[in-house]
Amino acid sequence: MNVSPRVKEILSWYEGENPGVKTNLARLLMHGKLGGTGKLVILPVDQGYEHGPARSFQPNPPAYDPHYLFQLAIDAGLSAYAAPLGSLEQGSDTFAGEVPLILKVNSANSLATGVPDQAVTASVDDALRLGCVGIGFTMYPGSDQCFAMQEELRELTREAKSKGLMTVVWSYPRGGAVTKSGETALDIVAYAAHMAALMGATIIKVKPPKAGVDLKAAEKAYETVKQDTLTDRIRHVMQCSYAGKRIVVFSGGDAKDADSLLKEIGEINAGGGFGSIVGRNSFQRSHDDAVALLDKIIGIYKG
Amino acid sequence: MNVSPRVKEILSWYEGENPGVKTNLARLLMHGKLGGTGKLVILPVDQGYEHGPARSFQPNPPAYDPHYLFQLAIDAGLSAYAAPLGSLEQGSDTFAGEVPLILKVNSANSLATGVPDQAVTASVDDALRLGCVGIGFTMYPGSDQCFAMQEELRELTREAKSKGLMTVVWSYPRGGAVTKSGETALDIVAYAAHMAALMGATIIKVKPPKAGVDLKAAEKAYETVKQDTLTDRIRHVMQCSYAGKRIVVFSGGDAKDADSLLKEIGEINAGGGFGSIVGRNSFQRSHDDAVALLDKIIGIYKG
Amino acid sequence: MNVSPRVKEILSWYEGENPGVKTNLARLLMHGKLGGTGKLVILPVDQGYEHGPARSFQPNPPAYDPHYLFQLAIDAGLSAYAAPLGSLEQGSDTFAGEVPLILKVNSANSLATGVPDQAVTASVDDALRLGCVGIGFTMYPGSDQCFAMQEELRELTREAKSKGLMTVVWSYPRGGAVTKSGETALDIVAYAAHMAALMGATIIKVKPPKAGVDLKAAEKAYETVKQDTLTDRIRHVMQCSYAGKRIVVFSGGDAKDADSLLKEIGEINAGGGFGSIVGRNSFQRSHDDAVALLDKIIGIYKG
Amino acid sequence: MNVSPRVKEILSWYEGENPGVKTNLARLLMHGKLGGTGKLVILPVDQGYEHGPARSFQPNPPAYDPHYLFQLAIDAGLSAYAAPLGSLEQGSDTFAGEVPLILKVNSANSLATGVPDQAVTASVDDALRLGCVGIGFTMYPGSDQCFAMQEELRELTREAKSKGLMTVVWSYPRGGAVTKSGETALDIVAYAAHMAALMGATIIKVKPPKAGVDLKAAEKAYETVKQDTLTDRIRHVMQCSYAGKRIVVFSGGDAKDADSLLKEIGEINAGGGFGSIVGRNSFQRSHDDAVALLDKIIGIYKG
Amino acid sequence: MNVSPRVKEILSWYEGENPGVKTNLARLLMHGKLGGTGKLVILPVDQGYEHGPARSFQPNPPAYDPHYLFQLAIDAGLSAYAAPLGSLEQGSDTFAGEVPLILKVNSANSLATGVPDQAVTASVDDALRLGCVGIGFTMYPGSDQCFAMQEELRELTREAKSKGLMTVVWSYPRGGAVTKSGETALDIVAYAAHMAALMGATIIKVKPPKAGVDLKAAEKAYETVKQDTLTDRIRHVMQCSYAGKRIVVFSGGDAKDADSLLKEIGEINAGGGFGSIVGRNSFQRSHDDAVALLDKIIGIYKG
């Protein structure tokens, strides 16, 4: 693997990390159809945990089988596959070495109500044992549990990095001062990305931001932030992520028609976003449709 | 013990597990009258803890004696016997090697009110010391304690598997977004089974699902799920358990007349369920009635 | 598995052990063609470590493959298969649950000279992870390293038993006051067996004793010990093993002709020995010859 | 990375290992010009430690610089680069992700006399921190320190594998019953490889064996072992390595003329050896000569 | 403190180290009269331990007082002061922050005979507690204790660096294959420096090498190594220290006349050495003579 100049440039931004973390980041960034471009598309499948199995897999029943999901990530030439413990255990032997794996180490579920929170359901040693390049963690800034979640994240990050693993942080503001519709407002998403960078995330995942400011105190600051188009807004989120020197990827969100999705991804790319995490928009389509759509997404990031 | 081809096939689905876990799973699946078929019937006796002794044992007073319960599991040729610490300690020397044991490591009681939860009342080292093939754990997805319970389960699972023991997870949604009657709705039971699989359960125990959808958000997904008969519903639960590649067993539920129970078990078997956990329907009958009924149940699973 | 009355009687002699150890002992004693008789035949293959691969496997080249050895133990209906770490790792997934395994946790080699000793090359946690019923350990009473070896044995035994595993002790006097030819003298072998019992061995392995007394100080005591026939001598070794209440098995020794071996085993059985550990006399023969010979050995122990 | 069918076959022989170990083995076997063939060529540079810097690097002074050695492994398209701690620390940031790394965790030196031994000079956590695929360890069976070295190896192997890293074992009999000239006799080399397999080595490194038997006790066994050509002898060493189911690589030995080396490698390949570890024969030549020679070596293994 | 370009270049060679280690190295390299030049002069005072107090301090009795030694290092504008635990404890409060400190963590004494060795007499936590920039450690490659010493060094280095401290390694071959006069032969000194680099030393201390080769096996390699002048020999030692990319400092040796010392230092500087460790040649002179001499030494390194 000759690490490309662009990937070497990206690695240089992570100067505080040991060679192990950089090696695992290089493995991910050099893998799949986008290998070497510095862009990435990840298949995440924790929706079964979050929303239940039928809402997740009934639109495309072969996806009930964990092996199908590994194979989809491989067939589509994606950069990585992220999933909870049980799902990785069920396929990581069969598919050893075929696609970089990210172990999602905490999980929420739709049956729980009350304060937004997640259970820590896997460990750094599990990630090592399963051959993963990193761990994934969701935090809910704003939640009454946000300090506890960030303390969990800190401990897991410290351990992961000391053992050469990356951390991927899903930063999803929820609760507290954040209104329901404000969860994807520009100021909130930018704040979420920034906080993840401050926590030491190697890769940051946020949702594509809508125009608007949710926190009253932030309104004045946003008078000079251009936010008319999604491209503008992505550019601002990237700026809030160490002036673009952290890898930020954006979720595809609810399943939607392909054209809307591709247009959105065109703007993410134009705004300097590093890539997408595409879950329901891939595994809820048939295998061939999903591979075809992911190929178009990859084409956009290839430029 | 020549491990049967069917059991070898089942073991192959647990590719992430070490040979110790597979050996203990093989011990259970090769034991008793169903040995080698891939089907299983387990005697669980934690009702004394959950409901108090008189509600549990007064219908058949010999069952007050723990030795009676070991002997019942042996006489009926069951696959395993599951019970809390004290009960196993009281008979595991006398009955060493005669029936696979599962140590139930957490327990609720009927005196406590408030948030659904259980106490961790035994350890993995207890299970090793008592010669068990695995540990059992109950979680209540939906409960305000569900994240804490899942973290307990995760730690116990990690330790158990590293020492070659299986985990059996009783997944019983309760509280939160789950209505009382919805606890056995199809979507909730399927979700419960799926979550246990994602947590890494070796064997999953849920209740037989009723028709209906409890979570509003899941209604649309269920439009295409066939759920007219219990057979249909079992089939769906199995699909939600890694496309049928996890062992799921179903509780017998409240004591009921034998015919209803046998009909229900016929449908569990027809739907691809792996077996039953039969507590009150066995130990609350007289010894001979229980053995006779269990023999009929076993007959159904033998096909 | 209905544990036979004879095996239950044997288990009763191990009253200090927890149910886990008894369960694993029961698994071994109820397994294979001798299952339930209280007699046992074990296939040990650590000769590759001790004598090198060609001396061990060249007489029957298929035995170079570890899977062959698992299969031999299974095909011959033996009670257990004992081997070092690498060999068990190389087959314990494929053969999970098919034959009780004993992990040999220390090993010598023929290249080393100097004080008789062995390296500890595996751990109790390895044994659990690989699904073993126990660990095996060789000690050399008499060696200048004998106290260190016994301290290693003590630590490993303590840990193994606390986790429900048996210990099998190869007790081979060597060095110190023991002459080379005296290593198999009656007094030395009896002493070796007794020391293993005193160390807490679950199963004791010694060599068939020759007539004669090696330690001068013991000569007087042996005036009243009958030792004319091997049967007499085996009877004495058993007496020295807690009046026959410890399982003692005898090695087959160097490869020899079948008739000599069967005659020897007839005497071991007549003298109350519990069984044989047959290595070179089985795996250095062709598969079919080995199975046939082992069947005759088993026939003798069945009586 | 589509793992090739041949590499998947090789991975299947390591059934006792977790997916992490298999993933790291797949990374090595899919890397470089031999990626996917199942064959491998490794650049090892610990000669500076073993023989001193001038004996190692004076023939080609650019090699005094650790970066030169990383670059050589990359330019030649080798499978991996193995070196002691300081050397990997000095380049693993610059070359992160460009070539699989093996951290040599023990080291001898030419100044020490007395019992053959090595110092443990690095740890498993160092290997993780530096992004390595595995650790390397030298043992000297026969040495009066051999039991202590094997116990060190056992502990390091256990920790490495639990964290998903491979172990590469340099097995070099020395001292004890081994004569100086016998160190590379066929029986000794075969025994060395076998012992490493029994210790759980993922990759075994030995020297190409000469004809002859060094241990008197082994002479008879070798009467039926064909050893006329190096090809024959390699075949025997592979047979002693779990019937060819362990990866064994052979050292290039002292610097020698290219034709002799290539002829030797042709025989290693013909005999079923998996590859070569080429140190002095590569880094003591000029960069371009080394790359050209390594390309020829790779050509032979490509077949 | 603006870190000079030359010091930044030196820091870049330590790419495997965390920012803490680099920060402490920068503190040392930016301190004193040589601050920013990349050169350094260190005052070491462990001769009291090594040779006894009178041999060390009687020539200049004020040096019996530890405060005198701190003050000398400060007055002379040295880069650092290195001493054993008690000496640093006795002055590090008074002189907190005035001169970078190195805690010498092992010590020999002249009363002991037998195998060359040292006692570990201080810990990494002591160094942190006393505000040191690093620890110092002496190893004796060649000694029968050399493997044990290297294992101590490895553990101390790992801990020191993980806590952001540098390691300074005194590498003094002694015993084994090294003749008494050969201890400062060129091949031995170069080997000593190389080994320290491989162990991960931040700063390496060796003695100025004499012409000649002590190890017979190295003679051939040295045919092409220019060693006529000390300058030549220093250049070779630097080449053996990662092609000059490790900081190597040279001892002043026995007390000698100023002119000889200055001439020697002129050659060390000309050969690319990074500086000197000057003990007896400074503290055994009167304060003013010592400061004057050190100023001349510093002048040479300033160029």
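Just so it is clear, A, B, C, D and E label the chains in written order, and each chain counts residues from 1 on its own.
As a working rule, a contact is a pair of C-beta atoms (placed from the backbone, for glycine too) under 8 Å apart; a residue touches a chain by one contact, two chains touch by 3 or more.
A quick map from chain label to UniProt name: A, B, C, D, E = fructose-bisphosphate aldolase.
In this text the structure is predicted, and so the values were computed from the model without any measurement.
Steps from chain A to chain D, minimised over paths through touching chains, total 1.
Taken over every residue number at the interface, the positions common to chain C and chain D amount to under half, indicating a different-residue contact. Taking the mean of C-alpha positions as each chain's centre, the chain lying farthest from the centre of chain B is E. Counting C-beta pairs in contact, the pair that comes out ahead of the other among B-C and A-B is A-B.
Chain centres here are Cα averages; for chain D and chain E they lie 36 Å apart.
If you average the Cα atoms of chain B and of chain E, the two centres end up 68 Å apart. For this pair, chain B with chain D, the centres built from the Cα atoms lie 49 Å apart. For chain A, the set of residues that touch two or more other chains comprises 18-19, 92-93, 125, 130. All chain pairs that touch, listed by label, are A-B, A-D, A-E, B-C, B-D, C-D, D-E. Chain B meets chain A in the complex at residues 13, 15-17, 141-144, 146-151, 154, 158, 173, 176-178, 187-188, 190-191, 194-195, 197-201, 215, 217-218, 220-222, 224-225, 236, 239-240, 242-243, 245. Looking at the complex, you find that chain B touches chain C at residues 1-3, 7, 11, 18-27, 30-31, 74, 92-93, 96-99, 125, 128-132, 162-164. Residues 48-49, 51-55, 57-59, 61-62, 64-66, 68, 84-94, 107, 109-114, 117-123, 125-126, 130 of chain A touch chain B in their complex.
Interface of chain D with chain B (complex): residues 16, 18-19.
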